[in-house]
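Read through the structures below before going on.
Two complexes follow with chain A in common, the first pairing it with chain B and the second with chain C.
Let's look at the complex of A and B:
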């Protein structure tokens, strides 16, 4: 609720962007870092989904996760493919491209389709950028680095792991708010659930990475499972904490989140 | 600048057109959302994106199969294969859903938006239960859904065909995966935009909402898809 202190959107955006990019840039040395970066982006974009979906999209929360991944994958492919001579610029270019696509779609949703959601443009920009970072991060964890032509196409696109990155990544982003929405929805609980969905996505990417990279993939798998257990326990505790007032009084909270 | 080449411009317009086809397709599909899942609204009981993407991706599989096994296939054949695959997928979804609505939930199929079914001419309003927005999948919704899925599948096939033309000379064996994933991205963007326009539920071509929302959704999709087309062609520039 509003009387509880929430982490401001800008702080989370800083966390998502810096954590995501740092993880992606460290992935050539240590592929697991790509997945850890993607978890930062998952936490950020799940909170952005929360802010926009609170207004009621009329189509269900999953739609916004899917459009985020649709925009993210287009921008990620563009950003990574276009930089031939300076591959280090790839992830940043993908992030910028995703933000531009997200801004344009958000602008059209607000002004042409007339959705009347005040945070639409900002949140659409954020989730598109988050989607691009999630896709690059998890792809880098499977491919071992973020070289589009050399690693990502043969190790992520050709064997179809991309579909798992796309779908499980979308689930990681949209599930937290889809599961937590309703009365007494709180940011802290959602953030822990986002961490847990991100971590279980990391574990799934670990299985794929074991196939493509071998031993370093197994590190992603094991770390993913450990992180999932930690975050899920935290989420579990939050659920019990929040449910205490309902169990104690038997009254359902009146306010809609 | 390679983007100003006439063939490139035509290809960008074709990708814009296919995105527009996908967007238009969503409006034809009878999407009922959560109310329909409880048989309280006409249509299939799931979201717009799930239906459009589910049928469209099957269309993408059938069109890519056509492209892969018939090297001389022209664009119409690839689009027709996509349309067939998507239409069969959605028709079977609606058939299975209809069986459940009729024999499981036991509701009469009726549309709340029209008084008489435009195809069969049967009265609708007397069969609509009080407090609901119609139930099940009446004939007009079924036909509209099949037409919509065919449009979506054709649109998916068209993007795939255009992209394969760019990527195959550059990355040969990897082209199908890259073009397929890009098509999927464009598909999701273009199936969510109209679902925001229709606000979650639409019965099909006979729904009054159809005329109201199609122009602005199609305009948005055309612009966004052409942007995607420019990006797709620039990706090809990065592969050389």
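Let's look at the complex of A and C:
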């Protein structure tokens, strides 16, 4: 609603990109930071999904989440794998590649398929970039760092954890708007729910990381559960605020129908 | 592991049975929460002034949500197998964690969707939340257990060159796709609009005008799953079970040979002919959609309710 103050998209983009990259770059010291960075990216990209899907994409919301992760995983693999001599440039290169892929796909959707959604190009770029950060962040939390050949392939790809990163990461991004769809949808509630879904993904990554990293995986798991409790509680506070009425039980109220 | 013919037929029968249970329970689980196709009518109802006491579980489509639950179960099972748990214990714990996470997603979608319908005065019923969510978790636990078991058998016994999370994800997507296409019809057309003539088609004017009263009291999602358990769920189970059985049976008997390929093509041809016969019968019985007088009256009656 316009009478409520919303966090502007640029602030959220700054939060997602800086938080995501910071978490990924800290992951070799402290693997849990990778998952925390990915949660920042989840919150940012869930809001980007909200902005583009508000134009009446009902059943298209899950598709947007899946295409975001599709673009993200290609860019993440390309970016991390191509920088052999300077591994530190990997995440940034992945982010740039994802943005370019997202921009091209958004341009096609707007000008070739003619979907006529004004924010399409910008939002596709944002969700592709967010998808790449989510993939790298959660992978780094399981692998311990973002070295593609040395850690991510043996510890994330070979044992199949990548599929959970991809699928649950996509759900974390698409579920907040999908679950809050409706005329009285509010940004604040959606952001708390994005934090909650991101934290659930972090907890799953923590379980996987106990296999690959041991004790630091347990830290990811416990921190993920604590964060989930906080965000889930905040989400429910917003639901109690926003819902027409929350009642234990009762008959259906009378309406004209 | 190389198996003789009797053992491989036994394994195939086990896979078929697990797939049948998974398919049946998957469809019922989606009906408990009104997921997938019937969801649009549940979502639309308050907008048309039809407030209801039905759970609104919008965790995307069935393939994606079941894929999520199965891949989570697969990853947890892999971790536990790696820690030298017994396979059965590992699968049960994996499926349980996945089902609980699935239940958490279900609560957020019901609360979120209802909170986004404030202007239509749709209340958020906490009793619905309390007794429908455990039912969703229980159904999903059985689905996830069956799917991860299939993935484990394929990985450990049949020696497939893929990981357990990968196989579980593929099975999750398959069970969701088959549940969505086979079982939903029984909930959507036959349950939400059971006060209309069967096979009449859905007029746009009837959108959102779902049945909200049960045999006794107000209808809720448990009433719906009771109805769907009579036909929709078992039909979905047979759908997935037969898919698994017929896609693996020729190669189990004849190996990876041309003979098996030809038998597969014959099965496909017989299925296509049977489908066509059913379609012709249905068209003869119900014919093309036509709006009749009674339906117009039904619309005006619905307005005055």
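Here is the rule we go by: the second predicted complex is superposed on the first by the 241 of 257 C-alpha atoms of A that agree within 3 Å, B and C clash if a C-alpha of one lies under 4 Å from a C-alpha of the other, contacts with A are read in each partner's own complex, and residues count from 1 in each chain.
By our rule, a contact is a pair of C-beta atoms (placed from the backbone, for glycine too) under 8 Å apart; a residue touches a chain by one contact, two chains touch by 3 or more.
Bear in mind the structure is a predicted one, so any value in this text is a computation, not a measurement.
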Contact-wise, after the overlay, does A:239 reach chain B, chain C, both or neither (first, second, both, neither)? second
Which partner does A:92 contact after superposing on A: first (chain B), second (chain C), both, neither? neither
Which of the two, chain B or chain C, is in touch with more residues of chain A? C
Applying the touch criterion given at the start, work out whether A:161 contacts chain B, chain C, both or neither, answering first, second, both or neither. second
Applying the touch criterion given at the start, work out whether A:62 contacts chain B, chain C, both or neither, answering first, second, both or neither. both
Touched partner set for A:22, first chain B, second chain C, both or neither: neither
Using the superposition on chain A described above, determine whether A:230 touches chain B (first), chain C (second), both, or neither. neither
What is the contact status of A:204 with respect to chain B (first) and chain C (second): first, second, both, or neither? second
So in the superposed three-chain picture, is A:115 touching just chain B, just chain C, both, or none of them (first/second/both/neither)? first
Under the contact rule defined above, give the chain A residues that sit at the interface with chain B and also at the interface with chain C. 58-59, 62, 66, 158, 160, 163
As the complex stands, chain A meets chain B at residues 57-60, 62-64, 66-67, 69-75, 77-78, 81-84, 97, 101, 104-105, 108-109, 112-115, 148-149, 153-154, 157-158, 160, 162-163, 166
Could you list, by residue number, the parts of chain C that touch chain A in their complex? 40, 43, 48-53, 58-61, 64-65, 67-68, 71-72, 74-76, 78-79, 82-83, 97, 101, 104-105, 108-109, 111-127, 162-166, 169, 209, 212, 218, 302-303, 305
Provide the residue numbers of chain A that touch chain C in the complex, in ascending order. 58-59, 61-62, 65-66, 158-161, 163-164, 167-168, 170-171, 174-176, 178-186, 189, 193, 196-197, 200, 204, 207-208, 210-211, 232, 235-236, 238-239, 242-253, 255-257
Going by the contact rule at the top, pick out the chain B residues touching chain A in the complex. 33-34, 47-50, 53, 171, 173-174, 177-178, 181-182, 184-189, 191-193, 195-197, 199-200, 213, 216-217, 219-220, 223-224, 227-228, 231-232, 234-235, 237-239
